Structure formats: structure tokens, C-alpha cells
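Read the structure below first, then the notes.
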Amino acid sequence: MAAKKLNIKDKYRLLTRDLDWDFSYEDPKKAFPYEEFEGIKITDWDKWEDPFRLTMDTYWKYQAEKEKKLYAIFDAFSQNNGHLNVVDPRYVNAVKLFLTGVSPLEYQAYQGFAHVGRQFSGVGARVACQMQSLDELRHVQTQIHAMSHYNKFFDGLQEFSHQHDRVWYLSVPKSFFTDARSAGPFEFMIAIGFSFEYVLTNLLFVPFMSGAAHNGDMATVTFGFSAQSDEARHMTLGLEVIKFLLEQHEDNLPIVQKWIDKWFWRGTRLLTIVAMMMDYMLPKKVMSWKEAWEVYFEEAGGALFKDLARYGIKMPKYVEVIEKEKEHISHQAWWTFYTHGHAAGFHTWIPSDEELDWFSEKYPDTFDKYYRPLWEMAKEMEAKGERFYTTGLPQLCQVCQIPMLFTEMDNPNQNAMRDTMYKNERYHFCSDGCCDIFEEEPEKYVQAWLPVHQIFQGNCGGPEMGDILSDFYRMNVGHDNMDMKGSPDEKRWNKWKGVA
Amino acid sequence: MTIEIKTAMLEPVRNTFAHIERRFGDKPATRYQEATYDVASEVNFHYRPIWQPEFELNDSGRTAIVMEDWYAFKDPRQFYYGSYVQARAKQQEVSESNYKFFEKRDLARLISDEIKQKLIRLLVPLRHVEQAANLNNVYGSSLGYGTAITQALLYNGMDRLGNAQYLSRIGLILDGNTGDSLVVAKHHWVEDSVWQGVRAYCEANICVEDWFESFVAQDVVLDALVYELVYIQFDAWLQENGAQDIGMLTEFIQNWNKDTNRWVDSVLKIAAADCSENKALLEQWVSTWRGKAVEALAPLATEMLGEGALDHAVAALDKRLQKAGLFK
Amino acid sequence: MPVYALNPGYTGERMDRVENFGGNQVVYFGWDEHRMFCAAKAFPLPPSMPFAAVMEKILPEAFGQHPEFSQINWDTAEWLLNNEPFKPQMDASLEAQGIDHKSLIRFKTPELKGYAGAGV
Amino acid sequence: MSKVYIALQDNEQSRYIVEAIEETNPDSTIIHMPAMIRVEREHKLVIDREVVEEKMGREWDVQELHVNLITLGGNVDEDDDRFVLEWKL
């Protein structure tokens, strides 16, 4: 008997989708207790369209192939002291921020997708989420392995895990992800699966990684692009989730739209760090943050939202603010880190004159007017031997937890400030977007562990800043922090390169 | 001479990350160590889960098992993602050539209809048991504590999906890719009295809240018994009854079991050794679930192999439990 | 709705209640259109602190690095307390003049345009 | 009309895939960037297994695409013979 050939779709249906059965000995709600409380209505999980159809054997095969290639490059990188090929040692500070700020998010993504990959009662969605969970675990581990070599030769990477749980600026990415994970399973999928993976991670993993290659960092670009090859599956899952929810029931539309509004805002705030990494921490430039934003958000995201319009989905709220902010945020963020360079776990610096000119060219409407004067002032101060480190601690936004550094788009000289009262206590926000998020769910956001307030409450040791940095954050003060100029990193680099 | 100077100049500043150095000393670390230890967040989660506010997002309190150090659960296989997928890829390559060979030579035609029916009724429905095991292991991975055990639980969960898919392919080989055998097998799983005990056991375990208890009920108790019954005893029976080629199709799961048992036993041993409360609790869980499993598997074991088969399997389980330090 | 939780009764622990600050309250100070300082600054202060002490100690510590700080004409400075026009009373305590926990005080110095007149 | 796009790691395999894409979708735009190749096209882009196999001179499984893929934009439809990216407007 000649067996008929099965196509990929039928095979996947038989091997995977058919594994579930209807419970008769237990209440399925006890097995899948989190599926209803968010108000999302699922009428038929069978309508789920598998975004990709990898069976586990194929998954192991292709992923092992990717891993083999990747680790061969890591091995070669460390055997040949690949860190010496970086075009400029300032670049390595981007790697430090990546390992302390981003890699732990991959870990949280692993945990979050494992959770929804257990909790959805539809097998198709569940398996897709489980595979993503496994991929995310891959990402955090390959990133640690890629940066393991840098850790041996540069300061500021050695306490990434401890610092992610504590350091003031790292509470920004951390709280972004704990916000998503502490939400219900469908909100998590819109937050991470759709908003973050479909549009926002591209900005980190595509133009930034291409920039890493341009700056001579083969280890990072290799894990970046290798991770991104999984990301294409994740993006497809993110898009399928939203289509599925919208096709299941019309009542899902307002809920999904609310989550899109929230998570695009929260995501763009988080990407402020990436904006700064792209513009300021890649010494050799590929494209500006503004250009990357135009290609990956405005163009690609625009096409996406046009496609989703047939379901009644609109562009995220405050998209007009976001469009203006692309001209500003990278400059505002780097100035913040530069002026808090004593309290950062990586080095900061004044951009070179060539870089300042590049900014003028890339940001003709804003750079010379608003940001060049900051650097002129910093240069003057540095020349006088008074490198500017600001005193005291900044006010933080209750939601995104970023210092309140963003300005009003109709008056970019003035910081934007919003506030609201809840249960007789005042809360402050960097923007209408963050304020809206708080007002929608204040009981959630009153719990924010705001680093500045925690220091004041005496929960971070101290009270001297130096003690907080060295004992609570476990920074190696005088090595990890302060200006790139005169840092041990710079001295070692010069020694390796034979520069006096 | 110049080479010597260059090497001296490129002396590393440190050998590994600080948290790895605190555990293992100031020396170069393995990839397993750097990928595993102290990677998960421990404090300052900002928001309590709206679906479970009694716990933090990462909280060791979701099981009654207590550990001095949750990173004590070193995986004897030292699987991190890269070593895990590469190990499985090698196994699947062998398995793929087995399946191809079996299909190409149409070895199914050498198997009697009677045995085919037996396989569809008694072997193929195990894909649903694997599906339950997938849920239970992923559950532990998502709510468990410390990367050492949670990553291994995820690998195990995905393995179970792989096992379910391999078992489904046996059905497809037997029915010439029509999928009819899978429909029949599922019917047995849902209706046939031989399976109802096992199905009730699986459904009950999926609803267990304590993730470590769920691990015990699945990976320790049920898996050990199924492994002995199906992949050792039934495999031998097939060999004796002219269906030895099926062994080519279950080889993956057999080898997988050997590999995984090492990890399961080590988890049990490490948890039991940590404190007497753990040991007592594990013994209580094992006793409860072993009782249920024996009852659930009895009709299946009898139908598959006759009297006495289950006793052998229970004896093998007890031996493993003893070796792990329980019940002594 | 204060939160969309699985079960009713979800309440978040308010992390920054004034009782948690050991007798102090948090007050934020911002100098409008002076971007040398990336954001307003936060200080834990005793509610009994007179505003004169803010002028003497806190504001110089917060903003004294700016070359224009010494040129501020405090008589013409415009103040906002939590978005409302405000006139500080030097001898009164913070709490006596309505500066409570997590209050934001902003001041504007219209004649000072910042470094290079660029709002820096 | 919106553009769909795909980006591949710049390596030997991808060069064949890009050649195949160009042949199947003559009016697509190829952009070379550091370490990556980006291909864009209005509305729809098709990768045809047979054309890739012809370029590579060997059998090629559509799912192999994932090994070299960096990112994409558009709705994906993948079967044994084709990988299709499309905006359904």
C-alpha cells in the first residue's frame, strides 16, 4: 500500500493540533483558570491558524544547526581576542547596557511565554507559545555566552543579574516586563507577542545589530541575527494572536485596542534606551534613530495597522506625539546618562565633533537648536576640569520609571510633567500616555518599586551615594562608572593597541 | 618572544561573572554554569500578578518543597539550550532515518493486523499521556523557582511534545497517512475502559497546583511505570511476536527515557537530601500518586502484557526511589 | 476600575506612602527651561523645614552648578506648587504652606534664558 | 499600497535565496546593509521552493528559510512549496 504524502498543514494538524481532548474527570476551568477574567471571549480555539508549523524534530534540527554556527563563531571570537576588532572601545558600553538591561528581559520572556504556553486551553496557541518560550531561553543564554568574553576584558558586565534587580535605570526595562507578566495571559500576548515583538524588537535587533557589525563586533551581531531568525516566528505568532482575538468576538476589539494603546506607549518609552544606544553608543554610525524609527515603526508599523484596520483597529493613541519625539529622545536620554555618569554601570562621554556634525545632519530641525548647546556647555566645563556630574536624584515617572526627562513637543525646552491623585496620594508622570496607563489601573502601578524613593526610604543601604553604588548595586566604583576618559577600560584598550 | 608579550598583555581582568565566581571560585566557568546560575530575578518585581496576588512573579512559595538553594538542582546532563537542542538533534537524526527506512521498506506490512490493532489501541493513545506531560512540565517551568530546575522542566516539556509527535507518526505509518488510526486511538483514549484510569490520572495531575507535586506525579511516578511497561516489557513482547521493527520507531523515546531518568532521579535525590521535611513530603506524594497510578494502569498492563507486568514495573520504580534516598 | 484582576479585592501595596520615609516627605524641585538638569530633582525633607532652608540649602545643592544660578532674581521668579501659582513664605514650614508629600515645586526665571540662550 | 519585506543574514545560502526572490518577484527592491540583505516589494512577495532549489542545485525545504531569516513584515503563509508574505488590503 503506497502511503499518501501528507502536506505540512495536514501533518501539523495530525501531529500537534489533535493532541488535546475534552476533559471528563476534571473541570477544565480548573486546568486553565486564567482564560476568562480579562473579558476576552474565545468561542472556538479550533479556529486558531498556526503561525508556523514546526514539529519538535524539525525544531531541534534547525535550531541545533543555528546553535552550531553561533557557538563556532563565539569560540573563534574568544580564541582570536575578537574584542580587539571593535572599532572604538566606547562601543563596548552598549554591550554592557545590553547585558544588564536587555538580556534579563529575554529571561522574563521565557517565563512569560512558558506561563501562557501552559495556560491557554487551545493546543495550537499553547504550543506556539511554548516554542517561543524555549527560543527566549535560547536568547538569554546565547547573549550571556556572547558577552562572557567581553566580561573578561571590560568592566561593568560582571554583576548583570544582581544589578538588573536593583539599579535605577534598569528598573525601566525590568518593570516593563513584570508589568506584562503580572497581567492576564491575553494582555501578555498583546503586550509582548504583538506590540513588542512585532514592531518594537525589530528596532533593537535589526538596525542596532547591523550597527554592531559595522562597529566590528562579530559576536553580538551573530547572536543578534541568530536570535532574530527566531523572532520572525515570534512576529508571526504576535500577528496571529491579534487576528485570532479580533475574529473570535466583536467584544474583544475595545479590549485589544486598549492594550495596544497601553503597550505601544510603554514600548516606545522603553525604546528610549535603544534610541540612545543607536545614536550615541555606536561610534561608527549606520542610521540614525530617527531613520530607524521611520523604517521600522512608521513604515512597517504603518503597513501593519493598515492591514488591521479591517478589524476596526486604529493606530495606537498618542502616535502623533511619538512621531515628534523621534527627533528628541536619543539626545535627551544620553544627556541624562552623561550627567548621571557617576551612577551608571557603564561609561559615558561627550560625542566627538564629527558625531555632533552627524547629528546636525541627521536631526536638522532639532539638534543644533536644542542639543548641541548642551554638549558645548559640557565641553567648556570639561575643559575647565569640571566634568559635569549632576547632584541629587531625579524625579521618576510612576509608570515607565524613566527620569522625567521628556519635554513638551510644543516647547522642547520644557520638561513635560503630569500628575494625578489616587487615594489621597499624588503620582507623577512623564507624559499623558503614562498617566492614562496609571489611571486605568492605579492599584497596579502604586506598587512600583521606584529606585529613587527606595533610596530615600533607606532600603538600598547608604545613605552615602558611594555606598549605595558599591554595596547595594555592587558597582566597582571608579572602574565601572564615570567618564570613558581616564577609565580603566580606556587604559587597557590603549595598552592593547599600543597607544600611549 | 613577541607572542609571549602579547599574551601577557591580553591577560583577562576576570575569569567569569561575579555571581558565578561567588559560587565556583575565580576560574573560567563552563557554559552550563554561566547560562544557568543566578540568572532568574529574585527581588523587586514591582507588581503582584493580577492572576495570583498571593505570590510574587518569581516566588519559591508555589511549592511546599523548600530548598536552601534552588540552584542545587544541577542537571547531570548539563543541558543549557545549545547543548540540549544539539543532543536532541542528534537523536532525531537517527530517528528520522529509522522512520524513513521503515516507510521505504514498508515494514508495516510485516506486522499482523492483530498487532496493528493492538498498537493503535494500546501504544498510540500514549500520545495523549505525553501531551499531559507537556502541560505538567511546562507548568513547573513557568511557576517553578531557579533556572537550574525550570530550564530542565521546559526541555522536558518540549521533549514530551516531541514524543507525542513521534507516537502520532507511528499511527500514521500504520494507517498509510490517512490519520484514521489517530482517530481510533483517540476514541480509545476517551472511551475505552482500558484507558480511563490513566486519563483520569492525567486530568487530575494537570489540575494539581503545587508544581513540584505535579512533577512527582508525572515525571517520577507515572513515567517510570509507563517506561517499564511500554518501552521495556511491551517492546520485548513485540520482539517476540514478530513486530520487532516497531522498536525502530520507539527507539527515540527509549533513549530519551534513559537520558531523562538520570535527571529525574537527581532532582528527587537532591530535594530529599535537603531536609527531612522534603523527604517526608516527597514520600507522601509518591505514595499517593503511586497508589493512583497502579490502579489506573492495571487494566492497561493486563491487556498489554498479562498479569504480573505491573508488579515488575512497580518494583523498578521502587528501586529508583530507594536509590534517590526515599523510603529508607 | 482600579485593576482588572482574576479575583475581587486585589489591592496594591502603596510603596511610597509618606509613613515609609522615616519622618520625611518627598518634594520635587524643577527649574523651568533649564535643561542642563535633565529632570526635576527629588529630596526627602522634614515637613517642618522652613522654606528659607530650601532656599539656602536645597536649591543651591540642586541647581548651583548652573552658571546662571547665582544670577537668579528671586523677587521676579514665578513659582508653581502642584501646577498652581504659589508664593513661598520663607518663615513657614513646608507643611504649613501646603507643600505635602510628593509635591512638585517649579520655578521660572523669565530673564534667564539658559546657556547660550538655548534653554539649557 | 503597503510594502512587505524580508531581511536575511548576509551569507552564501541567502545569496541564492535572494537570487530566487528576484527571479520570482522581478520588481522587488534589494537593499544591502552591514551583515544583512533586505528585500522589499509592494503588497506581496513569494519565495518559491523550486526556484531556490534550482539556484542552490540541491533540495531545499521551505522551513530552512528560518535558519537565515532576520525579520519580516506582512502576513505569512507557508506551505511545502512556497513562502508567501502579503498585506491583505
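By written order: A, B, C and D. Residues from 1 in each chain.
One rule holds in what follows: a contact is a pair of C-beta atoms (placed from the backbone, for glycine too) under 8 Å apart; a residue touches a chain by one contact, two chains touch by 3 or more.
This is a predicted model, so every value here is computed, not measured.
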Comparing A-B with A-D, the busier interface by C-beta pairs is A-B
When the C-alpha atoms of subunit A and subunit D are each averaged to a single point, how far apart are the two points in Å?
27
I'd like to verify one number: the distance from the centre of subunit A to the centre of subunit B, where each centre is the average of its C-alpha atoms, in whole angstrom.
33
Quick one: subunit B and subunit C, Cα centre-to-centre, how many Å?
58
Please set out, as single numbers or ranges, the residues of subunit D touching at least two other chains.
none
Among the residues of subunit B, which are close enough to touch at least two other chains?
47-48, 50-51
Going by the contact rule already set, what residues in subunit C reach two or more other chains?
3-6, 10, 12-13
Sort out which chains touch which and give me every pair.
A-B, A-C, A-D, B-C
Touching residues on subunit C, where the partner in the complex is subunit A:
1-6, 10-17, 20-22, 24, 26, 28, 30, 32-33, 35-44, 61-62, 64-65, 82-83, 100-104, 106, 114-116, 118-120
With touch defined as at the start, can you tell me which subunit A residues reach subunit C in the complex?
33-34, 37-39, 184, 332, 335-336, 339-340, 369-370, 373-374, 376-377, 388, 390-396, 403-405, 407, 413-415, 417, 419, 423, 425-428, 440-450, 452-454, 456-458
Contact footprint of subunit B on subunit A as seen in their complex
1-6, 10, 14-16, 18-27, 30-31, 33-34, 37, 55-57, 59-61, 63-65, 67-68, 70-71, 81, 104, 107-108, 110-111, 114-115, 117-118, 123, 127, 130-131, 133-134, 137-138, 140-142, 144-145, 148, 151-155, 157-162, 164-166, 171, 174-175, 178-179, 181-185, 444-445, 447-449, 474, 492, 495-496
Quick check on the complex: what are the subunit A residues that touch subunit D?
7-9, 51-54, 58, 62, 65-66, 202, 205-206, 209-211, 213-214, 221, 225, 228-233, 235-236, 239, 286, 299-300, 302-304, 306-307, 310
Subunit A partner, complex, touching residues on subunit B are 9-10, 12-19, 29, 31, 34-35, 38-51, 57-58, 80-82, 85-86, 88-90, 92-93, 95-96, 103, 106, 109, 127-128, 130-131, 134-135, 138-139, 141-143, 147, 150-151, 154-155, 157-159, 161-162, 164-166, 168-169, 172-173, 176-179, 182, 186, 189-190, 199-200, 203-204, 206-207
